[in-house]
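Each of the two complexes below includes chain A, the first together with chain B, the second together with chain C.
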Partner chain A sequence: MKLLIEQLTKEFGDKKVLNQIDLELTTGVYGILGANGSGKTTLMRILASVMKPTSGRVLLDGEDIAVLKEQYRDLIGYLPQQVGLYKSFKAEKFLLYIASLKGIAKEEAKVKVAEVLELVGLGEYKKEKIGKFSGGMKRRIGIAQALLNDPVILIVDEPTAGLDPKERIRFRNLLSQISSNRIVLLSTHIVSDIEYIAKEVLILKEGQLVKKETPQKLLHGLKQKVWSLVVQQEEVLSFQRNYRVSNIIRLEEGVHMRIIHEGKPHSRAKEETPNLEDLYLYYFDEEESG
Partner chain B sequence: MSRYQNEDMEIDETLKELEREFNLSFTDYDVQYPNEEQMMMTIEQLRPLVPQKKKQWIAKKSGVSNILKKSIYEFFYISPIFWSINGLFLIIFFLAALVGKENPYHLMIILAPLPMLTGLFEVLKSRQDGMEELERSFLFSFQEIILSRLFITGAFNLVINMILTAFLSLVYPQMELGKLLLSWITPFTLITALSFLIVNRLRNIYMITAWNVIWIGCGFISVSSFMDKLENAPVSVYVMIIVVAILCILGRMMKMYKGDFEYEAVD
Partner chain C sequence: MELFKWELYKLFRQKIIYIAFISMMAVSTGFTFYYQSDTEKAVYNEWTGPLTEDRIQQAEKGEAEFAKKIAEMEEGDSLSEEDNYTSEIYNAIVYAKMIKERPEVNLTEVVINDPKKAKIAYNLIERIDNSYFSNMKGPRELTGINSIAGYAMTAALLLIGVSTIYSNEYSSGADNYLLSTRKGRKTVIWAKIFAALIYVLLLIIIFDLWMLFYYYLQFGSDGWEMAIQYYTYLSTSPYPFTFWEYHLVYLGMHILGGMGFALLIMLISMLNKNVLLTFIISAAVYILPLIIYEMIQWDWVGNLMLLSYVHMMKAEYVFVDLKFVNVFGTPIIYPIFICIFSLLVSILLIAIMFRVMQRKEVTV
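After this line comes the complex of A and B, so read on.
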């Protein structure tokens, strides 16, 4: 299975939110990294056929999804960034309703609903009203509805936003568990969400695809760009002004700083192994602070 | 014969010969008119490449049956508040008709479109509950979902109106059936047409609330002289309103069905 994105552009008035994106996706987890307003959500919406592109097209195994229409929608599972859910519905009733909207036959739906509720750990809450659920439980109901039709393409937009660390880990493990034999697109700005599960990381910046690489290759590109250094308290401000500082830890002997810079920032600086957080900062720090 | 005349004749002959050769060489390029069998063979070979109208019709028919099928499902997921409110309206109607001895024509005019009006909250619940984006990604298209909700609300409204018509005809045998029918079909079709407009263009829950309040408020505080004028309006006015409203409903339905329902949110 192959999802091919060709010259995809989306404009809202004068604003170009996506600018000629070319992309090829096959089975596996893809993490989409980008700052707010980078076009992640718009890309996800177009792939989920919620929105039409201004130009360009998306092909599934050579066929345009705009032509496939419901045939394509039958294959996808989508969890938008913000989803309200019908709060007056009980979890089981809500999923049965969604199953009906996904065209799943009644008997099959009952089995699938029980299955996905167990998968997301909400089996014992099936008779509880969604309105009473915590943020994490609502996200889990969100992913449960996305899995109801056993989708071959799973699109989840910022699934861990607003979740506490425990719920985030649970969610990450859940995604990892369900990702085999599917194309999973996961958009986030929390890099730890994708660090260990993504086959490839896509970096979107101002509507353009800046990079598409495996995490290892992306991190390799940061070699000799991440440094650590212990400085005195009075030097901290100066370093913060002149360099991108990804982390500061106060120690007895001074302040330990993690710096991202093209060259060695100081003679005492030691090279560090880069991680995806450094990578995010490398690409987006100027944009976010600016 | 002069020498020049001989030469002319020779040239003429040569030219004629050339013309003959020229014509003969063109016979190689002659396209034989095909016989019936060859024509049919060509048509048959090209048939798979021609988009078939019949298939389009099947697709449309399956879309309509999708809406009907979906409407049945929707019925079981309609909010209990909708049933309660409409139950309350019915009780008020019966009390006003039987105890209050209110003019039944006036009562029908007020009550006839209320299920449709209150049903708009159900129709647009996706937007109200933040589910619109998600519902646009499902197998049933968003248009089909909205149309099926409109259909079930409209059908419920129609059934209620027919029951009330039967009830009033039994309680007040002296009532004119034609007048009674017009007194509910007119506001019902008019409000349904406006509902389609709200669903298509405005999609705003506050608009629906305002619309409900205006209709119910106007209905209850209207002075009886105004209602009398309305009741005694010529039949042609009623018919004209009904025809225009039905045309608007059909037009809107077609537009929605064809997909004129873009998602508006931006990144």
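After this line comes the complex of A and C, so read on.
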């Protein structure tokens, strides 16, 4: 199965939110990294067929999804950034309704609903009203509805936004568990969400696809760009002003700084192994601070 | 079918519709209960039965005498209770026979001078049977209240129940599911439409049964077989209906108009995410033709306004006189034309809904 995105552009008035994106996706987890406003959600919405591109197209195994319509929607599961829930519905009832929207037969739906509720760890809460759920539980209901039709393309937009660390880890593990034999697209600006599970990372910046690589290759690209250094307190401001500082820890012997820079920032600086957080900062620090 | 059940469930689980319905039932009583006095009953009983020529002459003579008596009355004078009811009966009898005796009082020259239209008009008038009289207080009062307030109460309940049908999906973010699922763009529209139509049907029928019951408690079951011409506002109507028949026609038009209006609310709800805005726009679209009709005296504007949902649900204005629309040279009477027109508009509204939903995108 192959999802091919060709010259995808989306404009809102004069603003180009997506600018000629070309992309090929096959089975596996893809993490989409980008700052707020980079076009992640718009791309996800187009792939979920809830939004239409201004130009360009998305092909599933050679067929345009705009032509496939219901056939395509039958294959996808979509968790939007803002999980829309009927708060007065009980969890089970809500999922049965969504199953009906997905065209799943009544008897099959009952089985499927029980299955996904167990999968997301909400089996015992099936008779509880969704309005009483915590943020994490609501997200889990969101992912449960996305999985009801056993989608071959799973699109999850910022699934961990607003979750506490424990819920984030649980969610990450859940995604990892369900990701086999599917195309999973996961947009986030929390790098740890995708660090271990993404087959490839897509970096979106101002509507353009800046990079599409495996995490390893991306990190390799940061070689000799991440440094650490212990400085005196009075030097901290000067370093912060002149370099991208990803971390500061105060120690007895001074202040330990992690710096991202094209060359060695100081003779005392030691090269560090880069991680995806460094990568994010490398691409988006200027944008966000600007 | 499954989605239809869900949409019904979603619609009928709104507590507000039950609160509104019960409130409307209470309001519809006017918080009064009318007891017919023994005198009133006795006067009506005296006149109950076939209206012979002698009785009609007695009523005509009596009506003229009452008119003279009232004209001579001084300030502070009043008729006795018995005279009051007798005068009411004389009036009703005199006015009810007018359209049969002198059809030209309520037929325009356009109708009289057009052989096809005139034939229809005279055929209708000829079939008016006002030869029976009884205590028609119940049907007369109910017909009156339906015309004065029925359309407003139904519209309010429709607005409360149906305004949320799509707007709620948008405001809750559930539109993402509709738009990204197999049945969320087409099948669900049919499900929502049928759910809304069932709501309209149940709402109107239950409300009507309640009104019939309440007026039965107050006035009993007499008078329904009388001609509608005994109701003052329709005394010169050329339509040969009994109160029962008119009530059923009213109910049919009320339901058809209500269903059309529900579809319009759905479309407006589909186009914006704010429930209150849907409510206000729909209410304005509903009530404006009534205001325009009352304010602008040009015939063509009035006739155009009669094609609206409010007039269809009110029904009365359509039956006051005989209006025609020429369709390919064939004159069609207004009530039939309005029903056909409403059906065509409903089909158009449904087609627009499908088109809108096919093109619908989530809002940013």
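Assume the second predicted complex is superposed on the first by the 290 of 290 C-alpha atoms of A that agree within 3 Å, B and C clash if a C-alpha of one lies under 4 Å from a C-alpha of the other, contacts with A are read in each partner's own complex, and residues count from 1 in each chain.
The rule we apply is simple: a contact is a pair of C-beta atoms (placed from the backbone, for glycine too) under 8 Å apart; a residue touches a chain by one contact, two chains touch by 3 or more.
Everything numeric in this text was worked out from a predicted model, so none of it was measured.
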Once chain A from each complex is brought into register, does chain C clash with chain B or fit beside it? clash
Which of the two partners, first being chain B and second being chain C, lies in contact with A:L209: first, second, both, or neither? neither
Identify which of chain B and chain C touches the larger number of residues of chain A. B
After superposition on the shared chain, which partner residues are touched by A:G37: those of chain B (first), chain C (second), both, or neither? first
Partner chain in contact with A:A48 - chain B first, chain C second, else both or neither: both
When the two structures are overlaid on chain A, which partner does A:V231 contact: first (chain B), second (chain C), both, or neither? neither
Of the two partner chains, chain B (first) and chain C (second), which one does A:V120 touch, if any: first, second, both, or neither? neither
Report which listed segment of chain C has C-alpha atoms clashing with chain B; options: 8-16, 62-70 or 80-88. 8-16
Overlapping contact positions on chain A, where the chain C interface meets the chain B interface: 12, 45, 48-52, 69-70, 73-74, 76, 78, 80, 82-88, 97-98, 100-103, 145, 149
Show which residues of chain B lie in contact with chain A when the two form their complex. 70, 73, 77, 79, 125, 129-131, 133-141, 145, 262-263, 265-267
Contact residues on chain C for chain A in the complex? 2-3, 6, 10, 13, 169, 172-188, 359, 361-362, 364
Which of the residues in chain A come into contact with chain C in the complex? 12, 45, 48-52, 69-70, 73-74, 76, 78, 80, 82-88, 97-98, 100-103, 106, 145, 149
In their shared complex, chain B is touched by residues of chain A numbered 12, 17, 37, 39-42, 45, 48-52, 69-70, 73-74, 76, 78-80, 82-89, 93, 97-98, 100-103, 145, 149, 155
